[in-house]
Amino acid sequence: MINESIAYLLLNIDKYYEAVIVHIEISLAAIAVSFMIAVPLGIWCSKNGSVSYSVINAFTILRIIPSLAVLVIAMPILGTGFVPALFALTLLAVPPILINTYSGFRNIDPSVLECAAGMGMNAGKILFAIEIPLAMPLILTGLRTSATEVIASATLASYIGAGGLGDFIFTGIGMNDIRILLIGGMSVALLSVLTEVSLTAVQHMVTKYQRD
Amino acid sequence: SSDQAKGNKVTIKAGSKDFTESLILGELYSLALEHAGYKVERKLNLGSAIVHNSLINGDIDFYPEYTGTGLLTVLKEAPKFDSKEVYQEVSAKYKEKFKLIWLDPSAANDSQGLVMSKRAAEQYQIRTISDLQKHASQIRFASQGQFDERADGLPALVKVYGSFDFKDRRLYDNGIKYDVLHNDKADLAVAYTTEGELSKDEFVVLEDDKHVWPPYNIAPVIRQDVVEKHPEIKDILNKVTAKLDNKTVIMLNAEVDIKKREYNEVAKEFFNTIK
Amino acid sequence: MITYLLKYYDQMLILLLEHLYLVCLSMMISLLLAIPAGLLIARSKWLSTAALSFFGVVYSIPSLALFSFLLPAFGLGKMTAVAVLVIYNQYILVRNTVTGFQSIDASIIEAGYGMGLSSRYMFFKIQLPLALPIILGGIRIATVSTIGIATIAAVIHAGGLGVLLFDGLRMNYLPKILWGTILSSLLAYLANHLLLSFETKAIEKARGECRGDTV
Amino acid sequence: MARTAIEFRNVSKQYANTSQYAVAGVNMRISEGSFITILGTSGSGKTTLLKMVNRIYEATSGEILYFGESIKNLKIEEYRRKIGYVIQQVGLFPHMTVEENIGTIPQILKWDTDTIAKRVDALLELVCLSPREFKKRYPRQLSGGQQQRVGLARAMAADPDIMLMDEPFGAIDAITRQNLQEELIRIQRKLNKTILFVTHDVSEAFKLGDKVVIMHEGEIQQFDTPYGIISKPANEYVARLIATQDIVQRLKVLKAQSVMLPVDAQVSDRAFRVGTEESLHNILTYFLEHDQNHVLVEDGGRGVVGKITWEQLKVSTRQGEILSA
Amino acid sequence: MARTAIEFRNVSKQYANTSQYAVAGVNMRISEGSFITILGTSGSGKTTLLKMVNRIYEATSGEILYFGESIKNLKIEEYRRKIGYVIQQVGLFPHMTVEENIGTIPQILKWDTDTIAKRVDALLELVCLSPREFKKRYPRQLSGGQQQRVGLARAMAADPDIMLMDEPFGAIDAITRQNLQEELIRIQRKLNKTILFVTHDVSEAFKLGDKVVIMHEGEIQQFDTPYGIISKPANEYVARLIATQDIVQRLKVLKAQSVMLPVDAQVSDRAFRVGTEESLHNILTYFLEHDQNHVLVEDGGRGVVGKITWEQLKVSTRQGEILSA
């Protein structure tokens, strides 16, 4: 079966190559955009207890809408292809980063913050030199969750003509053809492991101080 | 014989795939069985990739299938183009391989087809697939993956009509292909010939002028042990199948997909006219 | 839309309840598995990376593929759906659990073990409450995910709001799509709201109440 | 003879990624019921030593015995419950009230609620905190010294046989500290507890310890009675450490007996009388406060056995190389 | 006259959910360049008082002035940077190495890398830690006392004018502590720093402080020089607190000048000579260590101005109600 898969793969190597690149592009873009939205928002929430409820709630709810529904509802506005796929994936990826950033900030030892403030660090400096590094393990936890989810869900780009490895998966499922399904599935799994391992390495680096 | 069934209150597990037509048919067959005194447990709306396995597992007792699908997707045989031949082959092989029985096939043929938006069809003067082949380089094709791979899909077309070098070819989910055409994101899509949308004026099905599509006649596939125990089920279901031709099926589909009614109401309404 | 509601509210209610059932059941099972597992692997960096990579891979298996893989074992219906949801959930839950346990101040753990507290006591009375805010964060993400993913259970006849949603998508019928969306969002909203309030309590508890004197 | 409660056999500990041993080749026997104080340079391995006793850290090499049995063979939780541990960083459970913190072990031991409540109150009183006021507070709502005292109470809750105390009074004011020291001595004597007590306060170490351990760079420099240490510092480091105490402080460990001039059995002098165990420090204080320059030393049964004059005090101070450290 | 660096005007602080004031109606002026030590019961509000100075907490009522200006009107970060703060819980940044911790403020102030590196090394040496060995470590890898010293170094990094020090030497051994005390006094004198220093060690407070603040239950009991406090304890609490020091310790704050017997200008006595500021404690030590019972008091320019004998020492000890506290 693996051999058949490889044979099919070699036959369609150009298509595969393009699908991988598109998949990575869409995933990266979605992760980056989500990160840029979720981290500042999470920080803001952690400092504004009263709004955190509503903001986090809002994003969590948006996430519930099945991606296909998002795509259908958004098609008149966003059309098809890359942009709506990015939009739908971003909705998926924001909450894990958001929620973990929020917990990460709330979890910092108050005596450390007190020290930082007492030393005359301004809010910005405290944020960048103390809070973000200390919350980083959790932010990265969120990022890893989101990244895996985005990579797995980027297959939905295939619903709307944006390409990616989903093309192989849906074709495989539609035809009940394990060969094709395997190519798509294994590639997505591989991407997911690579991401996991490299983000673990990053997390390992930023938590060096926790170890002896 | 229906009295006997009434007395025992035998339960039959009905399945269907997860698209409108299959749901309506599943419901229709269920109603027929109930009318004959059986109890029916409906397990409709199953994923296309799952339904066959569920039947083999005994999670369901029967579901409406298409002869072409059985031949190409399930049995993975080479395409054939004659309705009878296809039917005989799937009947024989299903029985041998899976202990499953194909009941009588319908006149209705939910085959593949190519559909264009009327706007694009008129712009490029395309009526037939031959026309399409000539203008392919100007056409944006909304495919859905399997069509490009299936032996009865694009490869079959290429063999008969020559190659199609589309201006653009992207995959879309089957559920949104008419929206894609409607929103002018593509000009051409894969259709199934009984889809309700085809009753709309907006879309044009291209004529298969060189006759390449294999037949997709509808028939319930049922577990052998069930038929053997309750042979009269055959007749009950065949009676329904006999009423199904393309016009009827398109109409039923349109009631749901265009008029947005519930499939079970539509099925019930239709069943009342034929019972 | 309103007409649709008036006509089919009873069916919708059933679907909603089915959905709720699926979500609750799978969350409960998921938690029972994930939290001890998280604690167990939190002790080893190597183990946690390996386990999380594994769950990451599992998470990236498309649900349809997972369904057809599990069908022979669990058959059509809720069992398979719950199994799939539980499997997916491990990924999020285990990850947050691990992070939660790893972020507890070492001196507190040391004091606890030094007092002779058993691992079980440490787990339930010290580590769990202190890691709870973060674990609850994970539960929140997982619950909401589950509410979303549970919609695909419709494919294997497990019922739930997915029936409404996918019918709507297939028929391209907005009221159904919207009602499906609204109901699952409502569920998500309530779940999120409830869990967030637990979480806030847990944070306060874990910090020993009171904040707000510091400038 | 008291049994050996804890014995270190050539115990060493090296942390990962460090070149030096934090604790190096420690051999020591601690008798049951003794009060051992540990003094030493900051970073000399005192905390590490304590933590190895209750197996928070495992020794890199060597062996620690608990009543003759290697601690590796003991059931770890039961063993630890026999040991009260006051950690240097206090380490209160932040999510539990003061009451819950202190009641942790009694609860595990399934004491009944009433007994626990009473015990908590008694312990809080013991550490000079009003139960009514503090019982329901969370650690964050306490001052540094209050937290430390709750940690102390928690360690004593289930009446452990052995107490490991890592700078337990570091953040406590002088008056409270004096009370606590006295309580601790009283409890230790009464219940025959074995205590290992780290402190940086040299006079506290001499006051509380039956024996004092002096550590430097991971090694034990001297393990002796306060008198032994002051009279014969084992090396230059010990000498320097006790030199931080002024000479007058050091007089505290010298006993009347050891310097008195013998006198005839029958003295009818009306001078002030002190016991043979009286410290020279107290005798000096007496001289300072009174218009007298000598006291008589009395040995309970035997009557007056000696005499100490101001000049004799000076002579003995000067003679003792002890004090010239 | 030195200017007033910090002034408390009727400052009180009550924590949420408590019935009592943690700090109640404090009025106090602290002159620029003075070294103020704060003693007091654990929980008496010392930490709270310090934290209000750099606005970690806001006073519930009253006002704090910095060189005459209400601290509420100052730009908070700039103001805080002028204040070095050593927190009781140490509070090192766990994700930064020792070097990075100490370099935090210099970096914010954009010192160049070289200067920072040199400063870090110098500060580490100052607090008796070898830069080579400790610079690259994380706080977790340090002993309790080592952490505390890094905290101290960090607070001094940018040479702040004012230092708030909350039990900065609590976990440090006697030898190191003595070095640090001397360094601190040297720095303070040389650079004219204003220091507020909380300690529980009464003799440390008297040794370091130009003036001592004594707190109890949120109120200032006495604010005076060490001599003033020992000679006239304001109330029973203060008296009890200094009673924890023995009489000999208290001699430390009495100066030769205050008790000497006048002598004729021309003395050819070969006796030992001391300055007018010499403490009686040192003179007592001299007596103990030598075969002499008197010293001469010399006033730099004026030659010998007085004489102190053992008997005179005793008399003054007894006379001074000071010591009968």
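By letter and in written order, the chains are A, B, C, D and E; residue numbering begins at 1 in each of them.
Convention: contacts are C-beta pairs under 8 Å (C-beta built on N, C-alpha and C of every residue); 3 or more make two chains touch, one makes a residue touch a chain.
In this text, all values refer to a predicted model and were calculated from it rather than measured experimentally.
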{"item": "Chain whose mean Cα position lies farthest from chain D", "value": "B"}
{"item": "Relative to chain C, chain with the most remote C-alpha centre", "value": "E"}
{"item": "Length of the line joining the C-alpha centres of chain B and chain E, rounded to whole Å", "value": "91"}
{"item": "Chain centre separation (chain B, chain D; CA means) in Å", "value": "89"}
{"item": "Centre distance in Å when chain C and chain E are each reduced to the mean of their C-alpha atoms", "value": "56"}
{"item": "Multi-partner residues of chain D (at least 2 other chains)", "value": "15, 89, 140-141"}
{"item": "Per-residue multi-chain contacts in chain A, two or more chains", "value": "68, 72, 109-110, 114, 117, 173, 210, 212"}
{"item": "Sites on chain C at which at least two other chains make contact", "value": "64, 105, 169, 172, 207, 210, 214-215"}
{"item": "In the complex, chain A residues that touch chain B", "value": "68, 71-72, 75-76, 79-81, 158-163, 166-167, 170-171, 173-177, 180"}
{"item": "Contact set on chain C toward chain D in their complex", "value": "105, 107-108, 110-119, 121, 125-126, 129-130, 205-210"}
{"item": "Of all residues in chain E, those that touch chain D in their complex", "value": "15, 17-18, 39-44, 46-47, 88-89, 141-146, 148-149, 166-167, 170-178, 200-202, 240-241, 244-248, 281, 284-285, 287-291, 310, 313-314, 317-318"}
{"item": "Sites on chain D touched by chain C in the complex", "value": "51, 54, 56, 76-85, 87, 89-96, 104-105, 108, 138-141, 151, 154-155, 164"}
{"item": "Residue numbers on chain C that touch chain A, as the complex places them", "value": "45, 49, 52-53, 56-57, 59-62, 64-65, 91-92, 95-96, 99, 102-103, 105, 133-134, 137, 140-141, 144-145, 147-148, 151, 162, 165, 168-169, 172, 177, 180-181, 184-185, 187-189, 192-193, 196, 199-200, 203, 207, 211, 214-215"}
